[in-house]
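Okay, handing you the structure first.
First chain written, first letter: the chains are A, B, C and D, and each begins at residue 1.
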């Protein structure tokens, strides 16, 4: 099964790297992403048991399929969006036409490395592919020729790579643990899950913390988050969408897997859970306060991604079945909502040639679709009922309440600050300005993804089919939260 | 056969040399000499691996030696040298947050701290004292590389810092356990990519980030956002 | 059998309301007024059905149960409408019906079609969410509809978002709403922790500390939404900014839904209530009532004045709730019931007359195009029907007999008079102080409405627009008329109504019978009028009266609203704290050449200046600081932080392990 | 509803209408003789009223229906309120009338209309009067409520009929010393509510002092007569509340002609004495500045509050 994924991706990369027109490259990428999404969706729908490939170094279980599925969808939508958006970037001179091919190669390559990361059965491979996603994302950021993009990419590469080095130390420790415990050294997830019970807790804690540092940086947790707003705000909007929804999920994915390793071992589990909760709350706090005075739309959304990651880590750290269930759901929902917001931001950029609040105004008059998309995304993020964040938030908060009421209060207060920050910003950009610029027509290819995401987000909030809950339960089972 | 104590002595000597090379990286101002120090450090790493091979006879260690020599002693310094020629930076004399002398003192402190934290933990594993020392020095080197990353201005120096961190990890790895060849291979490739890309980007940036900043200052509009906040 | 049909009917009614909402979305860009007309008619029908159902439940007391778990499986949508809920639904649907009628023509003077349609959509959604908040049986669905209510009302407040003032109001409202949700969630989670379920049912024993914590959170949470001082500050901003039909709904209903929540939790969920809670609520209520009216007196913005009166009346309702808790803790259940009924009845009454006032104020404002009462005047001749309706509202809110406002305040006075039955002298004295303040409040309210009615409607018009004002269209008279009729009916026939409903609840209420006094008055009036007609048949002459020596009076000579409230402001200057601000600007730095100067006298806005703004500024300062920390162009600081963080983590691990 | 009760109503109404103007003139006479003047005749107020009833009504062209209905509302309010205070005969416990709170709020209703009428014509004086009236009354009202709350505390009743019945059964209850404080409060309230010195000056039409007079400045003819009449009725009602609570002897509960005649005489005597006190009190004081008045009213409230404290802590 996995081989299909890899073959499709490799074929796409190959085809894109041959000299072709922009349109054909776009179509190939669309096909590629759609195939990936459909395959993963099929896997999810049929609940296929874990599949192994390549000496069991790669595998796909429900969690992997879920992550690939979400990434596939968002990559597809971002590709559709890219068709019109890239043209506009070329027109304004932000994108060099020579770089378009480079863009599509990196784009497809990023999806491939994400698939490999999500489906590696080996911590070391995950580490490597996670690093690869960093590099490819950095390339996608520098595809725009502004010097600022280079700085942003540098921040991204340095901060995450440095943290990943420490992760590697943790990995070596874990590796040696298995060797001395079981004779045969391994980093395979499935074997680690079996062995984890008997690891000496002290060393396990150390290796967990070191591993966590790397993946925390990858998912943009405070204090390793600083690359995230920089990179996400400088990248083209469709790239920001995939960065914010898929690429940072790699970190969370790894954290979920690592955390589920600690579960059989109470001492480690308690420590890990406290660590994650602490990081989650600090992240939410810093992100919330940082959002209040933001004047750059994409930075604002990026910070809300940081906040979302904080919430996810917090939920994972709580470690109860309910919390994890909703964290998994939230992981997907967060991706979709973020994609919606970044793509709307892309439309706004196309209209105003800027992401900054002081140049955006009269949004409702000029780009109602983008306004509605942003408002919808904002509403979803602040946890409005009938949108996908509401129930997960309440459930996670109720689990937090079981742990500590003051922390609960703190977190809810921080959420209120986040919500206010959104409203402050949105009210600013819909207000009338001095002069009304000409309304620019948005191409259909840019409108379609926003509409699709809008509908998905709305439906996901309104209806919660049993199938989804079944899939989530399945994932939990595979992670060791046996029912 | 070479006696164990001799090997142990050699290991100790190499470890001390490696620490010295890391300290050199913290203090040297000439960019070319930084590269040379890095190549030297990598070579020392290879020697350590050879010594360990002599001691333990594990074929994976030889792989490590070969990979290290090819990538870190030859390829990367050569590549960095090319980049340095193009951007024509000779010296990196500015330090931030910490002066070289203080950095040396801090590094010593870090070695002590890491020893205090890790040594008792590592003793859980069935390893000898020299291995523990090696691992501790490995982790400390990672931190020293990190210090290089934030205390030096030029991006090219930061890359050296990152590479030092990487060397630290390899040191830690070869003392504690050997990774499968494949993984090692991948990691090296990965690091090559990182180095290449950052180097190319720093090339794109022409100079240090700061000078860049000065250029950009003239384009006020880029920094409106900053002004608004003040 | 009858039960099944009732809940089907209820679902049908709410479904109709939803349909009415969605219908406008379907024809979003249609210019025709018919779209909104259809939607509003359907909503009116739905409200009528709701009135019937809820009044039958209030009368019979048989609860209604249903759920939507098939449609929304993970949300726990269970609903239960008992007598208390039905009472609130009754209030909601009556007022919503009147507002719906009013809205047929109210929006005509706004140009934006799409926005108007969205407005109607949101309005119906708003009413729907209020109905379901009250009907919720479970904290999750309570929260869902609570949030829906907040969000829809937030958008409604932002209707005229082009105005900076509206945006400010919207922001203020939104932040306070979020804060209210913060506290609610905390309280809900505390209860969930203790009981293990989100069900809104009587909780089993809880430790008193946690219980008090839950109470405090709930009190603050609901208090923010209800506009209790010191959490009131959003109210005088949001109500004026919103279109008047929305102000009517918000002031008449939404803040009542918050009070419903408080009552529901205090009396139906908490396993016990404590005396100090009652005292806290009573004092909070008294302070709100007093300061609300005090702030209202200085207002010249008609809708803001009404908004402050909402704070006052919420205070009065809270006093009733507080008395109820106090009496309950002494075991005086009959008195507790009277206080509770006083609170509930005042809730309904305030909803009626406040909506009436907001709606008529809306008519006036859309004619005169200003909210400043100093620019109105003389409207009693130009908008006679609106004037009469406003007058009825003014008399009711001033708690004058025989209108409904008096009846509920009477019940409250009565229960405060019973302080002699309480054994604790301190509590007695607190109650007496509250009694005095309540009397002061109602007298000041009367003064304030003399000012409001007098300045808006009486004497000669003070501006061009006021002089050319025309009577509002039929729907804008018909809607408020319904409310006005209820204001009179519930006042005059209060004794009869209560003696009819009392036995069904099992309590009797010591109301004075207003009917004999009214009929005696009517008979006497008839006698006097007939007597005059018989003795003197001359028609009264209309002419210029004495104008202090000036031939013809003009409107500049009239007594202004600020002049009217001046003595009271003077008497209570220790609360208003008028400040003189003297600003001078110079041409040069040495301050020798004077450019311009500004002197103003302003009242200290205590809560804004000393509570809200400092908090907001602190948040902003932290945010700015974080911003500047994170906005560096260079990499070094971030790698430095990373270094510190990692070293710190390793040290932490070393210490712990 | 018994015949007795109907007769009570008619009698109370009749007495109030007949006696009210009398005490207006009486106080004037007392004041005049205190100043060494002769003063008007006892029937002067009756004559004034008769003359006004014959005069034509003139409305300002600015004025509206408020101006037209206010005199009627006022007099009706006062007459309905008159049913709440048994002057000489108490027909037994009543549920229809007599509630203290309703009694006070009927006055408030009348005042509300009067203040609006002051604003109606748009003249500066009217507005000034309304403004002052509403400001002062907002302080009088809590004082009154407090006084009656204190009474409710003492007599455990909120109905004037019940209080009077309790008193007529055991008149010695009125000797409660703390009630003296209440009597003082009620007296101050009486002064305030009837627009007398030091709060107001009913004699003059001066800008500085006018409160009540300013409001009715625009009224004319029989409307003015109705307003004057209502003021007189209000004064009498408040006086009789004061008298019947603090000097309750003589009130009868039996409906026989001798008993009623006896109590009527006693009532007249008590009223005349009170009028004397009011007149002397007025003559001995100067008009206070407007913004010193709150202090006086606060004193009234404090005294009532003291009563309650005495009752609460020394039962």
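One rule holds for everything that comes next: contacts are C-beta pairs under 8 Å (C-beta built on N, C-alpha and C of every residue); 3 or more make two chains touch, one makes a residue touch a chain.
In this text the structure is predicted, and so the values were computed from the model without any measurement.
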With contacts defined as at the top, give the pair, C-D or B-C, that has more of them. C-D
Once you find the CA centre of subunit A and the CA centre of subunit D, what distance in Å lies between them? 79
Where the CA atoms of subunit C average out and where those of subunit D average out, how many Å apart are those spots? 36
Rounded Å distance, subunit B centre to subunit D centre (Cα mean): 98
Please work out the Cα centroid separation of subunit B and subunit C, and write it as a whole number of Å. 67
Can you tell me which residues of subunit B touch two or more of the remaining chains? 121, 146, 149, 155, 158, 209, 212, 216, 225, 229
Please set out, as single numbers or ranges, the residues of subunit A touching at least two other chains. 151, 154, 158, 162, 166, 202, 206, 293
Each of the following residues of subunit D touches two or more other chains, namely none
For this entry, which pairs of chains touch? A-B, A-C, B-C, C-D
Tell me, which parts of subunit A touch subunit C in their complex? 151, 154-155, 158-159, 162-163, 166, 201-202, 205-206, 209, 213, 217, 223-224, 226-227, 229, 271, 286, 289-294, 379, 382-386, 390-391, 394, 397-398, 400-402, 405, 408-409, 412-413, 415-417, 419-420, 423-424, 427, 430-432, 462-464, 466, 469
As the complex stands, subunit B meets subunit A at residues 118, 121-122, 124-126, 138-139, 142, 145-146, 149, 155, 158, 162, 165-166, 168-169, 172-173, 176-177, 179, 183, 186-187, 190, 193-194, 197-198, 201-202, 204-205, 209, 212, 215-216, 222, 224-225, 228-229
Going by the contact rule at the top, pick out the subunit C residues touching subunit B in the complex. 624, 627-628, 631, 633-637, 639-640, 642-643, 646-647, 650-651, 653-654, 657
Residue ranges of subunit C in contact with subunit D within the complex: 377-378, 380-381, 387, 395, 398-401, 406, 410, 413-414, 416-417, 419-420, 425, 428-429, 432, 435-440, 442-444, 446-447, 449-451, 453-455, 457-460, 512-514, 516-517, 520-521, 524-525, 528-529, 532, 535-536, 538, 540-548, 553, 555, 557-559, 563-568, 570-571
What part of subunit D is in contact with subunit C in the complex they form? 9, 53-54, 56-62, 64-66, 68, 72, 75-77, 79-80, 83, 95-97, 99, 101-102, 105-106, 108-109, 111-112, 115-116, 119-128, 130-132, 134-135, 137-142, 144-146, 149, 152-153, 156, 158, 217-218, 221-222, 226, 290-291, 294, 301, 305, 308-309, 312-313
